[in-house]
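So, here come the structures, one by one.
Each of the next two complexes has subunit A plus one more chain, namely subunit B in the first and subunit C in the second.
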Partner chain A sequence: MNRIYKHRLFWPVLSLLVLIVVNTIARPQFIEITLQDGRLYGALIDILRNSAPLMLVALGMTIVIATRGIDLSVGAVMAVSGAVALTIIDRSGSPGAVGTVFVAVIVAILVSLVLGAWNGFLVSVLKIQPIIATLVLMLAGRGVALLITGGFITTVNSEPFAFIASGYVLLLPVAFFISIAAIAAVALVERRTALGVLTESVGINPEASRLAGVRSRGIIWGAYMVSGTLAGAAGVIYASNIKAADANAAGLFIELYAILAVVLGGTSLAGGKFSIAGTVIGVFIIQTLESTILFLGVPSAQSPVFFAVVVVVVVVAQSQRMRGAIARVGDAFRKQDAPERDDEKVEVAR
Partner chain B sequence: MTADNDVPPIVEMRGITIRFPGVLALDGVDFTLRPGEVHSLMGENGAGKSTLIKALTGVYSIDSGTIVVGGERRAFATAADAQEAGISTVYQEVNLCENLTVGENVMLGHEPRVGGVIDWRATHEAATHHLDSLGLRIDPRSRLSSHSIAIQQLVAISRAMVLESKVLVLDEPTSSLDRGEVERLFDVIRGLRDKGVAILFVSHFLEQVYEISDRITVLRNGALVGEHPIAELPRDALVTKMIGRELDDLATLSSSAHRDIDRTGTPVVKASGLGKRGILEPADLEVYPGEVVGLAGLLGSGRTELVRLLYGADRADEGSMEIHGQHAKVHSPRHAIDHRIAFSSENRREEGLVPDLTVAENIVLGMQARQGWVRRLGKAESDAVVHGWIEALGVRPANPHALVGNLSGGNQQKVLLARWLATAPELLVLDEPTRGIDVGAKADIQRKVSELSADGLAVVFISSELEEVLRLAQRIAVMRDRRKIGELESADVDIDGLIDYIANEGEGSAA
Partner chain C sequence: MKKRFLSTLAFTATAALALAACSSGSDGGTDAGTDGGSDGGSSGDVITVGFAQTGSESGWRSANTESMKTAFSAENGFDLVFNAADNDPAAQIQAVRSFINQGVDAIVIAPIVEDGWDDVLQEAKDAGIPVILEDRTVTASDDLYASWVGLDFELEGQKAGEWAAAEFTEPTNMVVLEGTTGSAPANDRATGFDNAIAGSSITKLDSQTGDFTRDGGKTVMEGFLQKYGVDEIDLVYAHNDDMALGAIEAIEAAGAEPGVDIKIVSIDAVRDGMQALADGKINYIVECNPLLGEKAAELVKAVLAGDDVDKRTIVEDQAFDQAAAEAALPDRKY
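The block that comes next holds the complex of A and B.
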């Protein structure tokens, strides 16, 4: 009822809706979706498609942050993954074959899994602070990617590989289905098993969790492996989109956008409680904002400023203090309707 | 009576109401504090004492009511605001920076400065002065974390004095102090009171309340019961007001200590020469089915250290363990849990609770951890376990979806006990399960331990309250200076005998 504004997803959803409304008012064709050759086109469809790499990375980041950690290496892992995939396709005799692309993608993701496991080892076994542990790979990863591609930007012409980022199935972009699959997989594994609540427990109070018998080492290690794997998949999508492995540009600053998406979605950087739905909305907010910048024709030199201003507004609107102030205003209005204090008792009984 | 009603109050709280999700923590409570009085706030756990204090000191914002401090209506947004207005608080759990030095903690934010730069020499001298006035002779340059909880508590009080507060709030300041330290604290409190400082005192020790207070305000279930001058409120009347019923539950428990234990079979747990260098000298301990073994000794005597080795919370570097006669390695809590040992730490906040999770999630955490993450406990099973234990232990509020961080200390302790009992342990290790909780919750917990041990559960029970140990345990292992100095049958000793043993037995007979 009128407590809707206290729901933790209220502000993220409202921010997203406001962004869409503002865009639509500025240029009504923003909301338009057209059907052409069995494919849907439009700004909103572009947002669904283009958000896929950030979505995957942010999902992994959510789990890592829930354990009180952070993974700065995701961008570098994307670069490595792209380099691995492209190099395999490039060197194979048949770059256009589905089998080649399949092998390339699987190997790229496995390599990313190993990189995630390396991060997890540093954090959970050697107990190195996550920001330092993942900084190692963040700095070294792009070098590794360059090493794999021999210092060049490898480009390929492979129909099946390009299909990953640009293809369509059932009217919608393939990349969007990859996003959906990742969201569903993470949500199912975290919430249908006990992994989610154990992860939160480790993030909220590691020592109490250890004494309660929670295998916190495995849980933390696993979180970095999930993050690495998802970053690897994101790297494949990115490389597929540009049909090239660009070790310097792939996933640049994506760790920061991913952290931002997680925070916008209402998950605290202090660890503990996390919200997958929140992260999904956070990613859409960021992607819509990027589209807005393009759509409104903000000059590219000024776009970071525009981006920053909007982010500050959204973050401030979501802050505890601001929520408290707004809630008090709301309460004041309601108390005028019902001046008696008696309803408080009823709430408790509920 | 040093305070009289003519003095204008320094603090006046009227109609204070605070709600947490699922909990009405305070319901229109009035409270008045006058200069130059020691005013005790009494009530069971969950009565709202801590909440009222946190409302006064700006930690919680109030949903309705007024707070007048020094004649001015105030609404403190933060604890710092309250401190600015002359209200200092020393909480039950020490709230200082452990990684700073003692001197830095005492003087934090009030360091003498020369041209904007901290004058460390003067800072440490000032700190030494303030520590001295409490009779605390410790090096202000030593790290706070290198001192015992008791010393840290006194440092916290020194800090409150640096702020020259008009109101000093002491929330369970004595729960970790020994007799001498309490006396020293009380001397300081009386000195401050005579200087006109208003002191709000909260303690579960009735003797201390009667020794130091001028006035008592009683709360029950978040509501005000009444305010009384100490002379007009005899103890039995106070206890009746606090719990709302006559209570002699504790007396009826005495029988459990004298139950006969069959020690001819195999012990549930047998530790031989269990020790860790610098932490605990090798010690033996056997616990038989249905037996409660008490560990007695002063704070820091090695009681906690011994049970942590037993549970694998810390790893022993010598000795061995047998469980049901089988050699077993217990190097981590996981091993202990696999061997059906449960351990409830004395440190509820840091080592027990997961505050942002619900009561239900906290209760099933132990079971779920043992089962692993892949198979989540079914909703029906989990609900049954949670409701069963909330009922059996009388957790209040009886709402499985309340965040455990919002519960009172006694109810949090019950939730932790429920977590461990839900894992169906064969050995239950309880480290200070009743510290800082009220008579009612204490009786509930003691009764449950007594019942479970009668049904065959082996229990190791640590408590600073020797009466409690004598009442529950059939056998008592006595610790001193990180060494086990002997064992007693509790039927053979009374409390004076036990104190004498702790103080004098085994001098010079170290192995």
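The block that comes next holds the complex of A and C.
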């Protein structure tokens, strides 16, 4: 029992379960999953499906954060990717053809890969601080996306394209399988090869790892490329979900939610050790929280406050110091923990 | 609270920019920065007009910009200096300052936020440049600007509500997809609608913000469908077309037929919305007309000619049912 309690994923998982229980008590339908036209249908399934874009972005963010970096451009990359894909499909003569959609998706993801490579170049070769380097694209990228769509929302009617986000295979949403594939790919590459350890070593001490013969440049560069590519795929899913390229709204603030998911999952923003399972749980917490706001009927004006309060409670509850402090008694813990609490609030407010 | 924060931000940022003197120009937006003349205001019959647009955040805004550019074209005797502020209130105030410095004949502003305009409007007044507000309004005293041209959001909501109240005489359960929390269109459209359906057989089950976006509308509608079930919801009121389009996706995914099993009423009448209305997926749309350019150009000419103009000009909005949408669709400009 004690070991379970001490596991670093104990608090994230507990928070997720508490949210699910609260929702179910408020509205028992929350937990209900029914079979409808050969597909599973229910609030939990919606959470699995709707979490796909954030999941992909957060996975990329985890790797980037592990290298002591941060990628603020993911939302803008999503917008560009969606704009590229939709414009190709819209301009082609045959929006309904599988071939068109395939080409559009591949091109969109390649463009995102290039954008990720640009970020990586700025950070790993030119040694620009990650927050500044990716800020460039964060600000400019959405403008580029608007330029591609001409300031309008490009809408297409394309069955194969809509299938990416709204389709079902084997009772479950396609978007969920894309999430699973991305999680599996990242986990395999990072955990079944030495790459994960090398990434962590670069994050923990870049200088020491360089002296030990780790080629940090390639590892950092690669991290941003992975992040860009995953953000591109997320942009395609987002666009497919609404069958439209909404350059203004696509991926807006997703970089902050992704960072939040990574932090909720127990990965430190200081870089180094990272947890893919933690990020996955973090994403589900955020997505379930969105549903909770709806299911509890929190009024719109209060929902950001509700969101913030829950996040602060979860983050504080899982902080090492806080848990240590609970064990001890006295005023001392307040002084120690106050700054940390403030940090988290800023995170959310932004 | 948020507004006050924003205006404080705007003031501080403006102060910083004023110190930086001539740091005007493009800062990352699509078409930020000025394109066009710096040839003062004294060049014969051509009227130089500075237009400070909010940015290009939506299809509605793009149509509005187009309308302004057409109305203030060279053929109509104008020289338009256009600036899109990328939804940054500080940048917009700075753009207006640069119009004043350039000595334009008149300034048209589509304010991003309501607050924080007093100083710069006073400067324009001192320089003898009349200001026309377009679309949104400001909290500054109304003797600081010549006129306002825009739309009545409350009336839009009311029209939608009147349709709903007349259409649904049986007990009806409605859910609402609100616009961005705290924004004027969201507040006024809610008020107008609620007043119109007061005492009718419509019950508001739930209301949540979808942030005026398709994704927001879809996600919130999915939540409502899970929470109440498809059969419990009869009517959706969306504060704009984009959220209604998102709701259509959600309703279809839940295995119901939008426009039939669940009726939809919305506001905006952008092209995609009108298409969905013509296809029978939406039942009623009240227009939010972005073509304010012509009226604004008229006002500018009248003010410069020294005529008396009304402080408020409201451009009338139309409303469409499915048949009207089909008829209007072919020559829809936006």
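Keep in mind that, in the parts below, the second predicted complex is superposed on the first by the 323 of 350 C-alpha atoms of A that agree within 3 Å, B and C clash if a C-alpha of one lies under 4 Å from a C-alpha of the other, contacts with A are read in each partner's own complex, and residues count from 1 in each chain.
One rule holds for everything that comes next: a contact is a pair of C-beta atoms (placed from the backbone, for glycine too) under 8 Å apart; a residue touches a chain by one contact, two chains touch by 3 or more.
In this text the structure is predicted, and so the values were computed from the model without any measurement.
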**Prompt:** Quick one: subunit B and subunit C on subunit A, clash or fit?
**Reply:** fit
**Message:** Let me test your reading of the model: by the given contact rule, A:Glu200 touches which partner, first (subunit B), second (subunit C), both or neither?
**Reply:** first
**Request:** Could you look at A:Ile219 and tell me whether it touches subunit B, subunit C, both or neither (first, second, both, neither)?
**Result:** first
**Asked** What is the contact status of A:Lys243 with respect to subunit B (first) and subunit C (second): first, second, both, or neither?
**Response** second
**Item:** Touching partner for A:Arg192 - first (subunit B), second (subunit C), both, neither
**Value:** first
**Asked** So, A:Arg210: does it touch subunit B (first), subunit C (second), both, or neither?
**Response** first
**Prompt:** Any idea whether subunit B or subunit C touches more of subunit A?
**Reply:** C
**Request:** Using the superposition on chain A described above, determine whether A:Lys273 touches subunit B (first), subunit C (second), both, or neither.
**Result:** first
**Request:** Working from the superposed arrangement, determine the closest approach of subunit B to subunit C, counting only CA atoms, in whole Å.
**Result:** 24
**Message:** Quick check on my understanding: which residues of subunit A belong to both its subunit B contact set and its subunit C contact set?
**Reply:** none
**Request:** Can you check the complex and tell me which residues of subunit A touch subunit C?
**Result:** 27, 29-30, 36-37, 41-43, 46, 50, 139-140, 143, 146-147, 150-153, 155, 166, 238, 241-244, 246, 248-250, 290-291, 293-295, 297, 299-301, 303
**Item:** Contacting residues of subunit C [partner subunit A, same complex]
**Value:** 28-30, 56-59, 61-62, 65, 86, 178, 181-182, 206-209, 211, 213-216, 218-220, 222-224, 226-227, 229, 242, 245-246, 249, 253-255, 272
**Request:** Can you check the complex and tell me which residues of subunit A touch subunit B?
**Result:** 192-195, 197-198, 200-201, 204-205, 207-215, 219, 272-273, 324, 341, 344-345, 347-348
**Message:** Going by the contact rule set out above, which residues of subunit B touch subunit A in the complex?
**Reply:** 17, 19, 22-24, 28, 61, 63-64, 311, 313, 333-334, 336-337, 343, 345, 350-357, 361, 365-366, 368-377, 419
